[in-house]
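Across the two complexes that follow, subunit A remains constant while its partner is subunit B and subsequently subunit C.
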Partner chain A sequence: MDYSQFLAMKQEIGLLVVFLLVFLYDTFMPRRSQGGLSVFTIILFAVFTVWGFMPCMGSCADSAFAGMYVTSPVMMAIKGILNVGVLIVLIQANKWANSEIQIMRRGEFYELLLVTLFGMYLMISARHFLLFVIGLEAASLPLAAMVAFDKNHYESHEAAVKYILTAVFSSAIFMMGLSFVYGLTGSLYFSTIASVVALEETSAMLIVALAFVVAGVGFKLSLVPFHLWTADVYQGAPTSVTSYLSVISKGAAAFAFLVILTQVFGAVYSDIWEWMLYALVILTITVGNLFALRQTNMKRFLAFSSISQAGYIMLGVVACNAMGMASLMYYILVYVFSNLAAFGVIQAIENKTGKVGMADYNGLHKTNPWLSFTMMLAMFSLAGIPPFAGFFSKFFIFTGAIAQGSIAIYVLVLIALINTIVSLFYYLLVVKAMYINPEQPVVGAFRSACSERIGMWICVAGIIGLGIVSCFYDHLLELSGTFGLF
Partner chain B sequence: MFSNVLIYFVVIPLIMLLGLALSRNMKQIRTVAVVGSSALIALSVWLLVDYLQLRAAGETAEMLYVGSWAWFKPLNINLAVGVDGISIAMLLLSSIIVFAGSFASWKIEPLPRQFFLWLILLSVGVFGFFISIDLFTMFMFYEVALIPMYLLIGVWGSGNKEYSAMKLTLMLMGGSAFLMLGIIGIYYHSAPEGGQLTMNLLEISRNASIDKGWQYFLFPMTFVGFGVLGAMFPFHTWSPDGHASAPTAVSMLHAGVLMKLGGYGCFRVAIYLMPEAANDLAWIFLILTGISVVYGAFSACVQTDLKYINAYSSVSHCGLVLFAILMLNTTAMTGAIMQMLSHGLMTALFFALIGMIYGRTHTRDIRQMGGLMKIMPFLAVCYVIAGMASLGLPGLSGFVAEMTIFVGSFQHTDMFHRVFTIVACCSIVITAVYILRVVGKLLFGPVQDEHHRTLTDATWWERLSTITLIICVAAIGCFPNFFSDLIKFTFNTSFAQLLGMN
Partner chain C sequence: MEITLLYYLIPSLIMFCCGVYGFLTRKNMIAILISLELMLNAVDINFVVFNRFLFPGQMEGMFFTLFAIAIAAAETALAIAIIINVFRAVKGIDVRDLTKMKF
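Then we have the complex of A and B:
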């Protein structure tokens, strides 16, 4: 066996090393020096993140295991984006993980989180459906345990049950689709399937298979109509897990979705899945927005907002070109920072007071000006208001989609744009609660923990800097132009 | 980058933002606001003089002081700046109103620092918009100017402020949604097949590669997008509520400058880039803006709240700006630009005075006030001057602007244009009705409330604010040639050819 092919899996192996070190530290370090576990994990992961961005030494292989696994600078970049997000999640979760209830179990939290990240890596890099399914399962199942992490909360358990049932069900549907695909083409390699699909007539079987595959991944992305689990799970899960679910898990799934649709079913783009996606995008954005309008719990609110954001991300898939791919990655990057900023504030307030209602944010700017400022930036960025990064990501994802040029895509983008106004309304509701509502502040003045502040500062820097500094987008565009799939 | 003078229109407000963030007390805040806005006025006056000298020396380029710095290179998005006479007039107007607005909010409460921060952020957007010639940066600055309104009205406003702030923000952002689609569409048709796509206004216009079918689609998108901010019927409903609830300085800036963004954008983007569609589709929008002109004036007649009266009067006057632009000939368009200047200054003056009166009487209902001429003669006289400017008294700005517009409009010989011009002319009469009604009720007549007798006249900062504006209003009225010379270059050269105008 040629062991040099493992060099291609640089990031996976690095992540595995991080996981093992955390595991060993957690298991074998004596109890009294356990206090360092969180800091150890964060520093280790930070080093790993930086290392992941470094270019490969010498000539690295770009595929392994007979082409089941491939890597390219684009994939390195999306993995790097996920790493940055996970790093922020880890920093923000520090306070919660070291709280009295969780401190005995925080080791498991870190380990489960790293395992799911490993699964997402495989989803991104897989070029064979077997490996992809392994990745999908590794990314879904441990998450159920993480959702149930708040042992003393009934909602947490309920959320976990809902999550695991839908996860398993959607996996089943996905694999049903795969079996159809296998029956049609006789292979599970992406490239082989693609060449067979390109040659043959479009059959009803293929349409059904594709619908099943889309439904399976659509669950991970919580696209409407596969979104029903989202709100309850987001609300019930511990906030650290919710932020992980809404950002990292969604980002990885979106990229994997793009890869599957373009690499495997690229030939039947205009025949089948273009229209399927149009419908999904419109439904997802609209339904997500309409439900978000009336939420009073911040976590539920962000759940529906993240559903509609997933719809915008899908526009990058609809585009089906290099710019769409770059915009999708950039959107995920910006979304990581904006959404985590919002979750950072929610978490800080929840850790201190246990309050997560939108009404609890009334008059927040009087007692906690910096928290409300961060929240406002996050809301503006999510709503796509310049000069914050969200504006640029929305603009580019629309521009990428419109490169298609048909009138239909203009109509689709127009619907998406009108929806941004609806979303602006509910994002402004949060700003209104914090700055305008005349009620007396519910949450008293407090100083958030050091880790929470670091997390929020990173997010604020990202929200302000990622758009105005153009090199991030330029770099992604260059990468997906050179090494992309198109 | 910093050798280009135009960039300082954005840099100075940014420095002001920094200064405000570091300010500790009211005195420092005022110092920053006054020094900064004076610097902006000085800069725009210098720019005006320098521009005229360059033109006198025979400079024939379409835009002067052009600079372009790569931003998103692969997409050819640049930070491109450049001005012609029209943009300079707008810059001058904006800096004067920012200056007057700072004085009008001398004693703003609560949170003065945050108030000025948002106000200056708004002006960053306004100045950035007027200097940009790249669609992307233009659009970005446009939105930067819109969002501070939400907090400015929501936090410092009065009356039904939460509703008004939300309505205003959502409607204007709704307009910009159409605008964004229009801009992306223009971008993809900005160059002939295989050419380098661009967002630069001048290059797009030079390429002239948007074919007619696409123009029919993109022209309404951009025109409606900007038209919402220009208070075009039926998208004007944000304006009365928004203006009525906003604090004084914000009403001034919003009616005085922000609504001009709409007119300027319609002219610079929609008509300039898509002249063929403009020619063919102008009649649809002429009907809509014609309705704005008359409907706004009639609505103003029945209102009793001073701010509502002025807000509806703004709808009518800004409608006239769009109406004149759509006439697509040199005279009417010159009139439109004059009307933008005139209306900007005049409305700012109105709102400043209303804010000052309201600050004393604590009511804006004209039924509860009367005889203010005896109590506060300075403010009352200023109010009369503003009113006269509004109803078009010769010697003040309103007359020259409206006269030019109607002369230009009447050059069209067909029935449709004639009828609409006559209808729009009627608005002058209606304007006189509501202005004289307010002046008679509010300033003359018996004193309605005995408590009002104890009120004082204007303070020095209020006098400074109003006198600045009155001087400008009178300057346009007395020297209209100066301003029409300033802007005629644009119409005489490229623009005229583009539209096949006389």
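Then we have the complex of A and C:
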């Protein structure tokens, strides 16, 4: 065996090194230097993130293990985006991880988080379903342990049970779909399956298999018929884990979904899955928005908002062209900043006062002007109001979808546009509570922890910066053009 | 009588459907977990049978099954650990007790 092919997995190996160093520090360092674990992890991961953005030497595109694993500039880019998100999550979780209850077990939190990220890397880079399933499971099983992390809160356990049972159920359905695909084509390589699918006539077995696969990945993305776990898990999990679940896990799953559908089942696009996705997108955006309207808990509210955002992300997959792919990645990047800014504020208030209700945000701007300002920016960006990044990500994703050109997609984009207006209403409810509601402020004035402020500053810089300098999209479009999928 | 592909696929399909039915109707969390295990095992049978009857020249399905068994074991271990946590909190493993968070 040629061991040099491991070198193709530069980013995975880098992440593994980070994981091992954190693990060794946590296990073997003397008690008096244990206090530095959080800072050590954050700095190490920051170095790793920057290293991931370095231009690679020679050719970036490479494959290993007889083509089971591939890497290319596009994948480097999406992994870099995920890294930035994880870095912000780590910084924002610092206060919570060092609280009195969690400090004994914070090492496990960091390790589980890094292992989960490793699984997502494999999902993105896999070109063989065995590797993909391993990545999918490595990305969803440790998450269940992380959801159950808050031992003293009953909600955390309830959320974890709901998550693990539905996750296993969906992965069983996903693997059943894979077994049909295997029976049909005799291979689990993406490329081999694609060539057999392109040659044969569309059979009922393929449709069933594809429906099962879509259901399995749709669960991770919380698309609507498979979304029922989302709100409960987001509400019950510790807020740091919720922010990780809603942003990183969703971003990785969306990209992997795009790769599977285009690379493996690209030949049956207009026959089968185009219409499946139309239904999914319309349901996801509409149901997510309608349920978000009636939420009073901030975490549940953001759960439904993230469901409808997943619907917008799926527009990039429906488009099935290079523009769709670039706008999908750009959307994930913007979503990372906007959603993490919102979760940063929620977390800062929860750490200080334990309050997460929307009514607790009444009159927040009188006591905490900066927190409410950050929250307002996040809401504006999520709703897609022009000067901020969220507008451009929505703009690009609609443009990418329309470039596909059929009449049906115009209708789809129109429905998505109407839904944007509905979503504006409930995002502005939060802003109204903070700035306009005349009631006395519930949360007193406080100074949030240094780490939380750093996290929020990064997010605000991202929201405003990406709104002004959206030329990053051109770079992504160029990369997607070289991907060789479309 | 010759044993063909169908003789394996029908039991595996029945297993899968029993698993789905059990997952949806059972109230005891351990019973739900057993139903999930049934579904995962049905997948394993499918892979092995397809490999053995349709593509005897290769081992891909067998290897997938090996990994799937390991993954199923990991899932069960984790789920049981979480169920024990819930048992400590509510003194029971009936899913009808888990109703604190609802929409």
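Rule of thumb we're sticking to: the second predicted complex is superposed on the first by the 481 of 486 C-alpha atoms of A that agree within 3 Å, B and C clash if a C-alpha of one lies under 4 Å from a C-alpha of the other, contacts with A are read in each partner's own complex, and residues count from 1 in each chain.
Following the convention adopted for this analysis, a residue touches a chain if its C-beta (ideal position, glycine included) is under 8 Å from a C-beta of that chain, and two chains touch if they have at least 3 such contacts.
This one's a predicted model, so the numbers in the text were calculated from it and none came from an experiment.
In the overlay built on the shared chain, the residue A:359 is in contact with neither subunit B nor subunit C. In the superposition on chain A, contact is made by A:399 with subunit B only, not with subunit C. Look at A:410: by the touch rule set out above, it reaches subunit B but stays clear of subunit C. Once chain A of one complex is fitted onto chain A of the other, the partner contacts of A:162 are limited to subunit C, with no touch recorded for subunit B. Of the two partner chains, neither subunit B nor subunit C is touched by A:101. In the superposed model, A:175 makes contact with subunit C only, not with subunit B.
Of the two partners subunit B and subunit C, more residues of subunit A are touched by C.
Across the two superposed structures, the residue set of subunit A contacted by subunit B and also by subunit C is empty.
Interface residues of subunit B, counted against subunit A in their complex, comprise 71-75, 136, 140-141, 143-144, 147, 150-151, 154-155, 161-162, 165-166, 169-170, 173-174, 177-178, 180-181, 184-185, 187-188, 217. On the side of subunit C, the complex with subunit A involves touching residues 16, 19, 23, 29, 32-33, 36, 39-40, 42-43, 46-47, 50-51, 54-55, 58, 60-61, 63-64, 67-68, 71, 74-75, 78-79, 81-83, 85-86, 89-90, 95, 98, 100-103.
Of all residues in subunit A, only 129-130, 133-134, 137, 141, 144-145, 148, 151, 154-155, 157-162, 164-165, 168-169, 171-173, 175-176, 178-180, 182-183, 186-188, 231-232, 235-236, 291, 300 touch subunit C in the complex they form. Subunit A contributes residues 380, 385-387, 391, 395-396, 398-399, 402-403, 405, 410, 413-414, 417-418, 420-421, 424-425, 428, 431-432, 435-436, 470, 473-474, 477-478, 481 to its touches with subunit B in the complex.
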